[in-house]
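My questions all concern the structure below.
Going in written order, the chains are labelled A, B, C and D, and every chain counts its residues from 1.
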Amino acid sequence: MIAAALTTDSFLERLPVLARDTVTGRLPESWRWMAGSLLEIIAILAGFGLLFAYLTLAERKILGRIQNRPGPNRTGWFGLLQPFADGVKALTKEDVVPAGADRVLHFLAPVVLVAVSLLGFAVLPFGRHLVAVELDTAVLYFFAAGTATELAVFMAGWASHNKYSLLAAMRALAQLISYELPLLLSVVPVVLVAGTLSTTKIVAAQGGWSLGFVPHWHVFTPWGAAGFVLFMVAALAESNRSPFDLPEAESELIAGHLTEYSGFKYALFFMAEYFGMCALSGMAVTLFLGGWGAPLAQLEWIPSYAWFTAKLLVLLLGFIWIRATLPRLRLDQLMKFAWKFLVPLTLLNLANAAGWSLTAGWTGPLQLVRWAVALALVAVPFVVLGRTLSAGSAPRTYRFA
Amino acid sequence: MSPLQGCLLLSAALFSVGLVIALARSNAILVLLGIELMLNAANLNFIAFWRFHSGAAPATGVIFVLFAIAVAAAEAAVGLALVIALYRHQKNLRLQEATRLRG
Amino acid sequence: MTFTFLILAVIILGSALAAALRPNLIHCALLLVVSWLGVAGFYLWAGAEFVAFAQVLVYVGALSMVVLFAVLLTRQSRAELRVDAPETRRAVWAVIAGVAVSGVIGAAVFATKWDPAPVTAPEVTVRGLGLELMGAHAAALLLLGVLLTAALLGAVVLAAPDRPEKEEKS
Amino acid sequence: MLGSGILQGLLVTAKNFVGSFHDPARYTTLEYPEVKPALPEAYRNFPFLVCDNATDPLGTLRCVACQICEKECPPQCIYIEKSRDKKPDATGKPQIYPAVFAIDTSVCMSCQICVEVCPFDAIKMDQVFEVATTDRYAALLLDRGQLTKPNTYFHTIHPTEAAEVDARLAADRQAAEEKARVAALAKAKAPAAPQAPAAPVAKRDQTPESAP
């Protein structure tokens, strides 16, 4: 299947597959599958490992710039060696395990977390021919693989034998369960419209352009735009990023479930957070932003994996930007936001998408009606629910300010 | 031994372990988990028959398991709510002491 | 009888047995999660991908969380997590019952003459599964939805704390 | 509407991000070891001894070893030993000078009391802050040579105060010369006459004359 499509592509497009085939081609036939999988695993580990390293640096530099300071710039040229210095520091630090801790679980938690957060990358289509595992149920697999992170967070919090860690673990459980629902529900419309759970087919369904310049990405439909925003909000919460970083709220819980971790185990938690962020962003790109598709037909000569990387980086920068801007939510606000705002909106969005796919045949003036109804179904609930959500809390009058 | 027999034996063993947990442990949560294990053993059987036994419609076994998983989830939710209610009344989870319904 | 199946069987049964013996409630719950994961692995091995991921999603993602919440909500101190070892008499009877059940089933399994197994797994696509669910099994699906809603509401009603004035009456 | 505040906030941070690359008013960080901060004139830290002539710092110390600062110093970090001989000071008058003047900077709390009490404007506050050493004991005990800095340095760090001090000293010197001249005149005119009333001189001027 791949070979037939490959011949029509440009050299750059075929480059990763060709590189893999030259390596595996030297091996005996029976080993090729194994070697190919190993190469894919190594590529994902190396690629996202490097991305993780430089994402930490980018985050620190961008946060610095936003706060009027340069960020790390001492280690190497523009601080480019900083991630490696951090790595060396984490590796050489003492690994402290509290006396009352459950040693096995304390050790297992970061390992499980990193292992699980890496699983999701297997089904992300990084390029036209670049998907590690072609699964019929890829989307389901992705979210099933992500669920065990909650377990790992709980293990970390409980095994530390520390009240702050335990509190954070409980918070993390409550938060992750609450936001799993909108996360999954915001994906369902895409599955419904694309008619498949396979990530490659979802990307393929977003190929092509209408009017010659508007790509058929889901984000350019009313339900898709709403779904994308809802997905990203839920993804922020799922990856414990600010403003939903309650489990590791420094000001209240020291470092939450990370309190009793030091050295390399702490670095592993950090790594898992960034891997989770990357995986969810990659999923958002795949589901809503057309995956590896180019925005314009004239730009298709740029290889597909470059487009995927570019979109991924834009979303990751969005994560950092939001972190630099928004203050942390309170726990009750967090829960209220999930259950009274996100979940109803995602359910309505599902109905919206169903209506959209039912009216796919409408043309001419009926198309205008279709767009108007879909837009209203997004905007009206948002305004109404938003009003009830912020009732009594905004605009606020400060007594002592 | 055919694969089907192996699967059925595995499921029987899992069922027995679940039964032992449900009968021997006195903690209400553990009893519930034992029952959950027994449900899993039954699901294992469905899949085993679906895969290694010809005859049924192609998707029946899978759909049966899907329904069973959903029902198990509902059962567990209600069961754990009961456990919490029990805890509120008698301040522990020992099932031997939960005898108020005896009259 | 493949090597994979044997490993899965060891994981499933081993973690379940360990859960039966551990005194620590959290350890029991986590070991049972491993067992459930093993069952999901079995589904994968048998070729039922969709069920395997559904199993992980429901059991590891949701059920284990509910169990852990229940464990943490129903304890007063860390020491109480160590539930007492089963009484010997009950344990013996339980083991006898377990062995008897598996003995009866095992005997039945070996006594029955099974048809030869089909070589390939039945072809089930996600799309086909969805169509079947919404077609032939639509009524069951609706009933399931009703059941889940009822269970959710029931769980909330059961677990929600009594209102103070009600407590005074009783 | 819900979300408008979030968008506003995002706009603010984005503006700051872009502004930090071209707007010096937004990007205020100094990269310290390379770029030294411009200290405000009032900044002060650790005392130093003022000398009038940079080419002969120890010979032109204003300090006359009166030991007031040593007595007043709250943490008792100043140690002074008077000299046995006298040296001419800046005005040519023979004065005692400190044979040993040491400040333990590990004890000094930069309270400026020594500066306040000094009648000769001989000790002033410095602006140094890079005072870290690798030796806890000897390197932190500064002796006379290390403490002495010329008046021109004082002008560079505290120009306003230094100008005031110089003007005052010049006035004092002038007054002293005037007084000496008047006294010499009176002595020459009427040796038998009682002491002529002295010209009103500043109180600061009287103290050193009454001290010895």
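Everything that follows uses one rule, which is that a contact is a pair of C-beta atoms (placed from the backbone, for glycine too) under 8 Å apart; a residue touches a chain by one contact, two chains touch by 3 or more.
This one's a predicted model, so the numbers in the text were calculated from it and none came from an experiment.
Visitor: Check B-C against A-C and say which one is joined by more contacting C-beta pairs.
Guide: Between B-C and A-C, the larger count of C-beta pairs in contact belongs to B-C.
Visitor: Taking CA centroids for every chain, report which one is farthest away from subunit C.
Guide: D
Visitor: If you average the CA atoms of subunit C and of subunit D, how many Å lie between those two points?
Guide: It comes to 82 Å between the two C-alpha centres.
Visitor: Per the centroid of Cα atoms for each chain, what is the distance between subunit B and subunit C, given in Å?
Guide: Roughly 5 Å, centre to centre.
Visitor: Measuring centre to centre with CA averages, how many angstrom lie between subunit A and subunit C?
Guide: 29
Visitor: How big is the gap, in whole Å, between where the Cα atoms of subunit A centre and where those of subunit B centre?
Guide: For subunit A versus subunit B, the centre distance works out to 34 Å.
Visitor: Do you know which subunit C residues sit against two or more other chains?
Guide: Each of 50, 54, 62, 69 in subunit C touches at least two other chains.
Visitor: Which of the chains touch, listed as pairs?
Guide: Pairs of chains that touch one another: A-C, A-D, B-C.
Visitor: If you look only at subunit A, which of its residues touch subunit D in the complex?
Guide: Answer in residue numbers: 62, 65-70, 73, 321-322, 324-326, 382-383, 385-387, 389-390, 394.
Visitor: Which residues, counting only subunit B, touch subunit C once they are in their complex?
Guide: 1-10, 12-21, 23-27, 29-30, 32-33, 36-37, 40, 43-44, 47-48, 50-55, 58-59, 61-63, 65-67, 69-78, 80-85, 87-88, 91-93
Visitor: Which of the residues in subunit C come into contact with subunit A in the complex?
Guide: Subunit C reaches subunit A through residues 26, 30, 33, 49-50, 53-54, 56-57, 60-62, 64-65, 68-69, 72, 78, 125-127.
Visitor: Help me check something: in the complex, which residues belonging to subunit D touch subunit A?
Guide: Within the complex, subunit D touches subunit A at residues 1-3, 5-6, 9-10, 12-14, 16-17, 20-21, 26-29, 31.
Visitor: Can you tell me which positions in subunit C touch subunit B when the two form their complex?
Guide: Result: residues 1-2, 5, 9, 12-13, 16-17, 19-20, 25, 28-29, 32, 35-36, 39, 42-43, 46-48, 50-51, 54-55, 58-59, 62-63, 66-67, 69-71, 73-74, 76, 80, 83-84, 86-87, 90-91, 93-95, 97-99, 101-102, 105-106, 109-110, 114-118, 121-124, 128-129, 132-133, 137, 140, 144, 147-148, 150-152, 154-159, 161-162 of subunit C touch subunit B.
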